[in-house]
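Below, subunit A partners subunit B and then partners subunit C, in two separate complexes.
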Partner chain A sequence: MPTIKIDGRTIEVTKGTTLLEAAQKLGIYIPRYCYHPKLSISGNCRMCLVEIENAPKLATACSTEAAEGMSVFTGTDKVKTARRDMLEFLLINHPLDCPICDQAGECGLQDYYMKYSLQKSRFRQEEKVRRQKRRAVGPHLVLDNERCILCTRCVRFCAEVTKTSELEVMQRSDHSYIDLKEGKALDNNYSLNIADICPVGAFTSRDFRFKQRVWFLKKTSTVCLGCATGCRMTAHHNENTIYRLVPLPNSQTNTWLCDHGRMTYKAVQAGDRLSKGVIKNGLIDLEPALREAATRIDEAKSEAAVLGSPWLSVEDNAALARLAISALKTVNFCFEFSSGQGIKDGILVNEDPAPNTAGAGLLKAAHGGVSLEELSGRIASGRIKVLVTEARAAGLVKTALKTSGCRLIVFAQNRSEIPAGAYATLPYASYFETPGTFINYQGLRRRTNPAVRPADGVKPLWNVVNKLAAYSGTSLGLDSAENALKDIKL
Partner chain B sequence: MISVKKVDNKPLNLLERIYLYEIARGLSVTMRHFFKNLFNPAGMPTVQYPEQTIPLAGNARFRTRHRLKIRADGSPKCVACFMCQTACPAYCIKIEAAEYPSNNVEKYPAVFNIDLSRCVMCGMCVEACPEDAIAMDTAEIPGGAAARAELMMTRETLLRNLPGEKPTLGASNRLANEYLGGKE
Partner chain C sequence: MENILLKDNVADLESYFASGGYKPLKKALALNPARIVEEVKKSNLRGRGGAGFPTGLKWSFIPQHAGCLRYVVCNADEGEPGTFKDREIIRKNPHALIEGMAIAGFAIGANHGYIYIRGEFSAEAVLLETAIAAARAKGFIGKNILGSGFNFELFVHRGAGAYICGEETALLESLEGFKGQPRLKPPFPAVKGLFASPTVINNVETLAAVPAIVEKGGDWYASIGRGKSAGTKLFCVSGPVKKPGVYELPLGTALGDLLEKSCGGMKEGRRLKAVIPGGSSTPVLTAEEARDVKLDYESLAAAGSMLGSGAVIVIDESQCMVDLLRVLARFYHHESCGQCTPCREGCGWIEKILNRLEEGKGSPGDIDTLYSVAEGMISRTICPLADAMAMPVMSFVKKFRGEFEAHAAGKTCALRTALAGKSEAEPGSAI
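Take a look at the complex of A and B:
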């Protein structure tokens, strides 16, 4: 346990801790480009140079381990000059692309220039080294070699995190540039993380490209509902439109976010988003659609069934349970879903594609109900006349529905979700628009936060369920999501 | 507390109390100007705006109707960097960026609207522009309009060079210069 001094403040750190990490613990920020807490140490950008007492030269804080009695200085004139001069090196061949560069506003070069340099360029613009400008290097990324400072974060990310090694530094010394290895494309499922970790504008996202300047974006932390891993993420949005999703690193689940998860926001503002009800194939206002659905449910009464959904929040599942028990008074309801749990690809993607299998299980524990096999058996045998469920959950009993004459009433967000043969479809607000509780595969409880407002008339699912129950003659009295949770212990 | 100021008005003298004399004196001033202007209209200081305008003094010309400059190939010099929209204190600029498929400049404004009914003519957009693409040197003062829509300047109405102005290359924009140079 070496004890070191940084800028006169003493700290005891575990063996193997680098000076940069030790300084971070003390709240002293040391600038860095190539260092990333989740990647191996490279030590090539030389921005983190610090002065160590009795050492002949400045040392890189990211790669120097703390040793007993070390005295480190991070703010001396020597260090400041070194930082300024390193920035000059990095900026020598950097193009003046800021007006057309998506990184502007969150760019490491811009930030550190303002903080540590502020000197005029001594290099004539015409003498700058030219490299290849933008080109697509994969389905999600654009690479601009001219902006690159060769920190190799991207190379290390592909080698160490995804272990696909698509990228490599080509050539040597000042000829070097980042390129794809021969015959490869940057098409792994984590490629967009490279746009995040790139400290400059070399790698930018094709999806986000030129959509919005980053300083206009507002940030809302929420949860990814792409699978049962339940990664924490931040939705970046402006004027009621979500522009991108970025990971919110945390020790429990994720540092990164997969490309699939990052694209989940698209459905929220897709053109086929439902804001009205659908009866068979015709759009109809929500109220008549609710009335029609309620009539069909009333006809069936105890022969109606409710199937919860692992894609819905605990609150909305609870509302569906209340619908089954209090309004329909049926025994045919199911909140039991099983799916393989666990990380499928060794990084983040879960075997279970639904985000809330564990959360639906809480309803099973509180209210019982039948198993999924039992329910699909009852549907197949024709004992159930009407099934109320969520669109994706309806896919779980697809084969049983096909043969029986069961009427299907589904809740859906997008028109493309509606299963074939659905009788009535009711719209509900997405979890980017309404809060909801989800329980991931580890049993962690996570809440989504609304980033945008739903379209007029689109209400959270518990609210639609409340109305549906009212039309069939029972008041569930749900006036908030928490109200539905009454007998559930989270 | 209400403060009261006592006004010591001079009492009216006899001629003023007669009233007719003062009326005639006032009318004579009006009539003098009327006949002066009638027979010598050139001496009148009034400008019949907007039919008639006078040259703007000094740098006042640089706070007039906006325009977007045009490059030699007819493309806008603007690269949709959003600096003007960010600097605008009246939130009257609306830009939507798009990407050139082949042009190395990469970015251009697909939509560029300036809402003159909101604009305060402060010139911050011109100050902020890193490409020297927006200017307020048309010497036209945006006047009134019969409908709000007429005060919405779009990309089409904004894009113009001044009469006699040579279309510049990309100015400081290296990528634009290279692209335009390659086309010649």
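Take a look at the complex of A and C:
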């Protein structure tokens, strides 16, 4: 456990801790480009140079381990000069096309230049090394080699995190450039993280670029519902539109996001988003749709069934449970779904594609009900006349539904989700629009936070359930999400 | 004194053996390996690849716990402009290198050795292969060497022509099949070198001196030379002297003696202007500074330069310093591996400024910029290639500023104009 001093402040760190990490613990920020906490140390950018007492040369804080008695200085003239020089070197061959660069506003070069340099260029514009400008390199990314500072974060990400090694530094000297290895495309399921970790505008997201200047974006931390891992993330949005999702690194689940998860916001603002009900194939207003659905449920009486959904929040599942128990007074309900074995790709993606299998299970724990097989069997044998469920959960009993003549009443967000043959479809607010509690595969409880407002008339699912019950003459008393959770032990 | 390394008539195994070759190996195999390391320490032999690190000390860093693979690697990349001594050893005395590597292997407990040879040295690579085959046939290389139970295999690996692969960790990367780029240090090769195993890496000249040290003792070797600069050194003299070439002399020989006595002085009508004493990476000395300096590690350091690889580049009054530096800058710009910001960007910037000056497009401010770009590169990179660019720039500008100013003001190279048409004075020919 070496004890060292940084800028006169003492800190004891575990063996192997680097100066950069030790400084971070003290709240002292050392500028860096190539360093990334989750990647191997490359030490190439030389931005993190610091002075060590009695050492003849400056040392890279990212790669130098703390040794007993070291005294480190991060703000001496020597250090400041080095930082200014590094920035000058990085900028001489940089195109400086900030006005048309999508990274502007969150660019490592812009930020550090303002903070550590502000020096006038001594380089002749016409002598700049030219490199290839933008081109698509895979489904999600654009690469502009001219803006690249060759920090190799992208190369190391592909080699060390996804282990797909698509990228390489070609050539050498100031002719170096990042390129795909022969025969490769940058199409791994984590490629968009590269746009995040690239400190400059070299790698940008095809989805996000030119949609919005970053300084207009507002940020809401939330949870990805792309699978049972339940990664934390931040939704970036402005004027009620989401523009991108970025990871919110945490020690429990994720540093990164998978590309699938990143795109989950798309459905929320897709053209086929439902704000009205659907009866058979026709769009109608929500109220008549609810009335129609309620009528069918009343007809079926105790031959109606409710299937919860691992894609819905605990609150919304709780509302469905109350519908079954208090309004339908049926024993035909199920909140039991099978999960997988956990992470399936060695990185983040879960075998269980549903985000809340564990959360739905809480309703089973509280109220019992039948198993999915049992319910399927009852549907298939014609004993269920109406099934109320969520669109993706309906898929779990698809085969049983096909031949049974059972009427399906589903909750769906997008038209494309509606299962074939659905009798009535009711819209509800997505979890980018309403808070919801989810329990991931490890049993971690996480809540989504609304980043945007749903379209007029689109309500959280528990609220729609409350109305549905009211049409059948039962008051479920669901006046808030908290209330829905009343009899659940979280 | 008698040459230790550059000998005639020892190129083939029979004559090498006849002159006492491979006796040191036999002697070494009977010793405790630690004794050999001690003897090399005592000899004060220092690395001849450029940095001058004490060889015995380097060997002693190799961890000795059982069960770990270790390697001996010979750096025969010889890429430093002006240097052509390792090639000479390989041509004239290859078995001294092979024997030295076997002894080094035994001393540190390595059963495998690699000679990484510069790609352009194709004839020498063949020569080494032949010599190793001959040594193997006689049982000096291979399994159970001379009945000692010690196994040592030796392989020749050809580089592909990158100067940076002479830097020891880039060499290891290249040897492992990767792009030749220096590694971050620590860990040093002695701890984590070739294939992540403890590795000793030495220059050809360093390893070739080992058999004589084992044979005649560390004290004997230490007695040659001057102070802590022990032994003989090969000096590669290029430029307008009467007899350029490779000379083996004790360290501490006066530079003047090397030029006058060994090389026969300057060519007719040429006057000495400057000397780069240790290969293109080392700071230049003016004729004045060069006159009395001694060729050893300490003396050259005191004179503000370095012994380096022992490549003595002689520059005369007819040569343009700006042009010479431009040739160097072109080289380093081309050879930078491009990892570190200052080296990647700085080498090219320096070359561009020098091109401007040389082509008459410069301005007076360029000289200070040139100097400060070099200052911005020095001591701030993963390997010393950036320093190798910066040191010549800083010393050239400091010591020959007048020529740079004349270029900036006169908008062209006065020397070049004066010498136009004279084929003898090809600018930059010394390098």
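Basically, the second predicted complex is superposed on the first by the 489 of 490 C-alpha atoms of A that agree within 3 Å, B and C clash if a C-alpha of one lies under 4 Å from a C-alpha of the other, contacts with A are read in each partner's own complex, and residues count from 1 in each chain.
Note that in this section contacts are C-beta pairs under 8 Å (C-beta built on N, C-alpha and C of every residue); 3 or more make two chains touch, one makes a residue touch a chain.
Small disclaimer: the values here were computed from a predicted structure and weren't measured.
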{"item": "Partner chain(s) touched by A:47 [first = subunit B, second = subunit C, both, neither]", "value": "second"}
{"item": "Touched partner set for A:123, first subunit B, second subunit C, both or neither", "value": "second"}
{"item": "Which superposed partner A:89 touches (first subunit B, second subunit C, both, neither)", "value": "second"}
{"item": "First, second, both or neither for A:150, with subunit B first and subunit C second", "value": "second"}
{"item": "Subunit B versus subunit C as contact partner of A:57, first or second or both or neither", "value": "second"}
{"item": "Touching partner for A:172 - first (subunit B), second (subunit C), both, neither", "value": "second"}
{"item": "Which superposed partner A:210 touches (first subunit B, second subunit C, both, neither)", "value": "first"}
{"item": "More subunit A residues in contact [subunit B versus subunit C]", "value": "C"}
{"item": "In the complex, subunit A residues that touch subunit B", "value": "95-100, 104, 125, 133-134, 209-211, 213, 215-216"}
{"item": "Subunit A contact footprint on subunit C (complex, rising order)", "value": "162, 164, 179, 184, 333-342, 344-349, 352, 369, 376, 379-382"}
{"item": "Residue numbers on subunit A that touch subunit C, as the complex places them", "value": "41-47, 49, 56-58, 60, 63, 82, 85-86, 88-90, 92-93, 122-124, 127, 129, 149-150, 169, 171-176"}
{"item": "Interface residues, subunit B side, partner subunit A - complex", "value": "79-83, 86, 97-99, 104-107, 130-131, 172, 174-175"}
